[in-house]
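Next, two complexes with chain A in common: one pairs it with chain B, the other with chain C.
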Partner chain A sequence: MSGHSEILLFQVGARVFAAEVYDVVRVGAVRNAQEPELLVRSALGEPFARNRGIVVASHQGGTEHTLVVDQILGVRTVPESDVHPLPAFAAECLQSPSVTGFVLVDESPMLLIDLPTLVREQRASAAAAPSP
Partner chain B sequence: MADRKEPKPDGPVGAGDGGGGGAPDAWFFCLRMMGGRYAFEAPLVTEVVRLGPLTRLPAAPAFLPGVFTHRGEVLPVLDIVQLVGQGSVTIRPSTRVAIVHCGPWRVAVVSDSVEGLVAIPRRTLEPPPAESSGVAEFLSAIGRDAAGTVAIIDLPRLVDTARARAVPAGGTPA
Partner chain C sequence: MRERSEPDAKNKARKAAPRRGKNGVSQDADRLAAFVRGFAEGRYDARLDPDDFADPGLAAVAAAVNAAADHIVSQMRTAQQRVAAVGEGVDEAIEAMIRLVVQGDLSGTLRLGVTDAALTPLVAGVGQVMETLKKFVTEIREAALQLSTSAAEVLAAATQNESSTSAQASAIHETTATMEELKGASHQIAENAQMVASIAEQTLTSGRQGEGSIKAFMEAMEKVRHNAVEVDEAIGKLSRRVERIGTVVDVIDEIADRSDLLALNAALEGAKAGEAGRGFSIVAAEMRRLAENVMESTKEIKNLITEIREATHAAKEASDGNKRMAAEGEKLGGSAMHNVTGILTGIQETSDAARVIHLATQQQRTATEQVVQSMSEIEEVTRQAQAGSRQATGAASELTKLAERLAELVKRFKVD
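The block that comes next holds the complex of A and B.
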């Protein structure tokens, strides 16, 4: 549908986020996912439980990773006029490039997350972390 | 509900003139925080509004407690008290913010309360204390009016410094 965006609303911990449906491969239970493919802790925080996941294809090589979330709240179609970039000052200050903007849902701003960037960021962070 | 405040241009006024022989007053916008009165150049302020529901940002520095929507525009909130390491402003349903333009940035400055416009003759402004820590780092002058002392903040410099301090450099998410 021209002039509209389809967004997926999901919850991590106590917060609700939005992501472009286009970036989502599938959603479902995480019990079948292998541990290395799971992203439990990210810039979005940590979920209360490990029940649901959003499967995302990373930019490189199409490898799939599962972002663990607490709830999938559904898909909404919103007019593109309700999708806003981050305010310039906030964009300059944020330490995660995966937060790209906002979607106004029922007049409340929901953070719009670039899921492939979040995956890439977390994989890079994990790779850079010292081994235990 | 918005409380629009149109800052007046510089010019001679009776009140706050300090009896100074027609010296032009400068208009400042005054806020209360950290137990004192702080102000910045009034023309930077476009309006004062009640702070709406705050959306917290992940991985944001502590001085950026979140964003809120005002007339369809998403605005970042700047907590100066956090930036200078003096605690934080307690956000209440009645909290108001001053929306300011600082160069390319448009931010909403949160404070304990909003006093409004004050006029101080420019010639009576004194240099700030020679400290370089806390809020003193960002003061450009000290003024006085009938209500007492006002510390004048160089807001553009403060906002630029905030941005520079937040630039990602492998820091830990807030």
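The block that comes next holds the complex of A and C.
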């Protein structure tokens, strides 16, 4: 179906974000996931309820990581015209490359997140941090 | 004199004998008889002449009669002289005694010029009378003195008695008035005691009603406690049922959650499949909506269960509170029953005591009335005694004056 995008809406804290459904392997319960695979804190913030986990495959495709979120709002089909890349100025201001643009859902703009990039950044950041 | 008269009579009788015969003897006898009759009639101076007698024997008799007459006359004169002397002596003694008595001087000894031995007893008797008089006067003087002293003492005592009687009468009057007041007070006390007995009786009735109410209250408390136990058991059952419902709801919730996940993943796969997965995505979305509805419902059920738990907990606490309150109520009821029993006993004793007081005060009132009556009689008697005391005081005063008068009179007699 050309001219449309399938996006997944999820909530971390008080904010709602969007992601391409192709970046999501599946959705699961956090309680069923193994602790090393969980990604609780990220650039999106820290979830309150931690009810759901979005299983994301790395770019290399070898491993899966679970991004812990508060809620999965659902899958929406939006027109391509409502999906916009980040303006150049905004992209320059943002440190993280995981935010790729924004999408209008019901006329409300939501940040479009590149989940594999987000997972990779967080993993790299965690690996660079001194161990306690 | 007799010796001188006898020869003359003999001679006269001898001379008369030869001249007269038998007639002469009769005459001589008549003459003798006439002489004796005349002597007996008091003609003491007449004498017979023996010479005139014819009979010598009668002449001798005549002479003897003359001699006897002379002797008798002589004796009579002697006796008359003695009588005169005695009479003078008696007069002297009486005059001397009267004089001493009139003069009041009994101190001396009565001295009389009487020498006649026949008057010696009289003189002695007069002297004895004087001594007796002196003794009497002395004793009367002493008695008058004592009488005066005693009369003064009697007067003082009578005066004191009159004063005491007056004071006694006043005291009796006051006592009578006080007893009258006491009688009124006894009457008032009797009425009050009757009222107390009546109130105590009413209180006793109310107390018994209260005792019945407390028994009913305790029975109600027992029922409340029993009901509270039953409610507690029902709450326990309810709580267990609610817990069971909660468990079932958790299971439903878990199922709904998994259904939601499944629906999400189905929708995700449908979206990934593109146009081919469109219908699949619609079904998945519907499933997800259903799962969300179920979760929403289970959430509401959980909220309700929470509310039921809280309400059950509150009901359990209330039930426990009811049990505690019922037990406390039973305890308080028992205590109240004990206290009411004590109060009833006290009220009964009060009622009995009030009745006894009422009876005693009635008896007291009767006794007081008798005392008042007696006091009135005593007051009357005391009034009479007071009048008698006044009379006694007057009599004692009169007696004192008489004793003084007697003493003055006795003082006139000098005995020392």
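FYI, the second predicted complex is superposed on the first by the 131 of 132 C-alpha atoms of A that agree within 3 Å, B and C clash if a C-alpha of one lies under 4 Å from a C-alpha of the other, contacts with A are read in each partner's own complex, and residues count from 1 in each chain.
To be clear about the criterion, a residue touches a chain if its C-beta (ideal position, glycine included) is under 8 Å from a C-beta of that chain, and two chains touch if they have at least 3 such contacts.
None of these values were measured; they are calculated from a predicted model.
Q: Put the two structures on top of each other at chain A: do chain B and chain C fit, or clash?
A: Chain B/chain C on chain A - fit side by side.
Q: Mind working out whether A:119 is in touch with chain B, chain C, both or neither, as first, second, both or neither?
A: After superposing on A, A:119 lies clear of both chain B and chain C.
Q: For A:24, select first, second, both or neither according to whether it touches chain B, chain C, the two together, or no partner.
A: A:24 contacts chain C only, not chain B.
Q: Does chain B (first) or chain C (second) touch A:104, or do both, or does neither?
A: A:104 sits against chain B, while chain C stays out of touch.
Q: Between chain B (first) and chain C (second), which, if any, makes contact with A:8: first, second, both or neither?
A: second
Q: First (chain B), second (chain C), both or neither: which does A:77 touch?
A: It touches chain C, and chain B stays clear.
Q: Put simply, what angle do chain B and chain C open at chain A, by C-alpha centres, to the nearest 10°?
A: The C-alpha centres give an angle of about 90 degrees at chain A.
Q: Figure out whether A:67 sits in contact with chain B (first) or chain C (second), or with both, or with neither.
A: In the superposition, A:67 touches no partner, neither chain B nor chain C.
Q: Please determine whether it is chain B or chain C that touches the greater number of chain A residues.
A: Touching more residues of chain A than the other partner does is B.
Q: Of the two partner chains, chain B (first) and chain C (second), which one does A:43 touch, if any: first, second, both, or neither?
A: first
Q: If you take every C-alpha pair with one atom in chain B and one in chain C, what is the shortest distance in Å after superposing?
A: 25
Q: Return the residues of chain A at which the contacts from chain B and from chain C coincide.
A: Comparing the two interfaces on chain A, one with chain B and one with chain C, no residues are shared.
Q: Under the definition above, what is the set of chain B residues touching chain A in their complex?
A: These residues of chain B touch chain A: 53, 55-61, 64, 67-69, 72, 74-76, 78, 104-107, 159, 162-163, 166-168, 171, 173-174.
Q: Under the stated contact criterion, what part of chain A meets chain B in this complex?
A: Those in contact with chain B are residues 15, 43-45, 84, 86-90, 92-96, 99, 102, 104, 107-111.
Q: Quick one: which bits of chain A touch chain C in the complex? Just the residue numbers, please.
A: 1, 6, 8, 21-22, 24, 26-29, 52, 72, 74-75, 77
Q: Of all residues in chain C, which touch chain A in the complex?
A: Those in contact with chain A are residues 257-258, 261, 264-265, 267-268, 270-272, 274-275, 278, 281, 285, 288.
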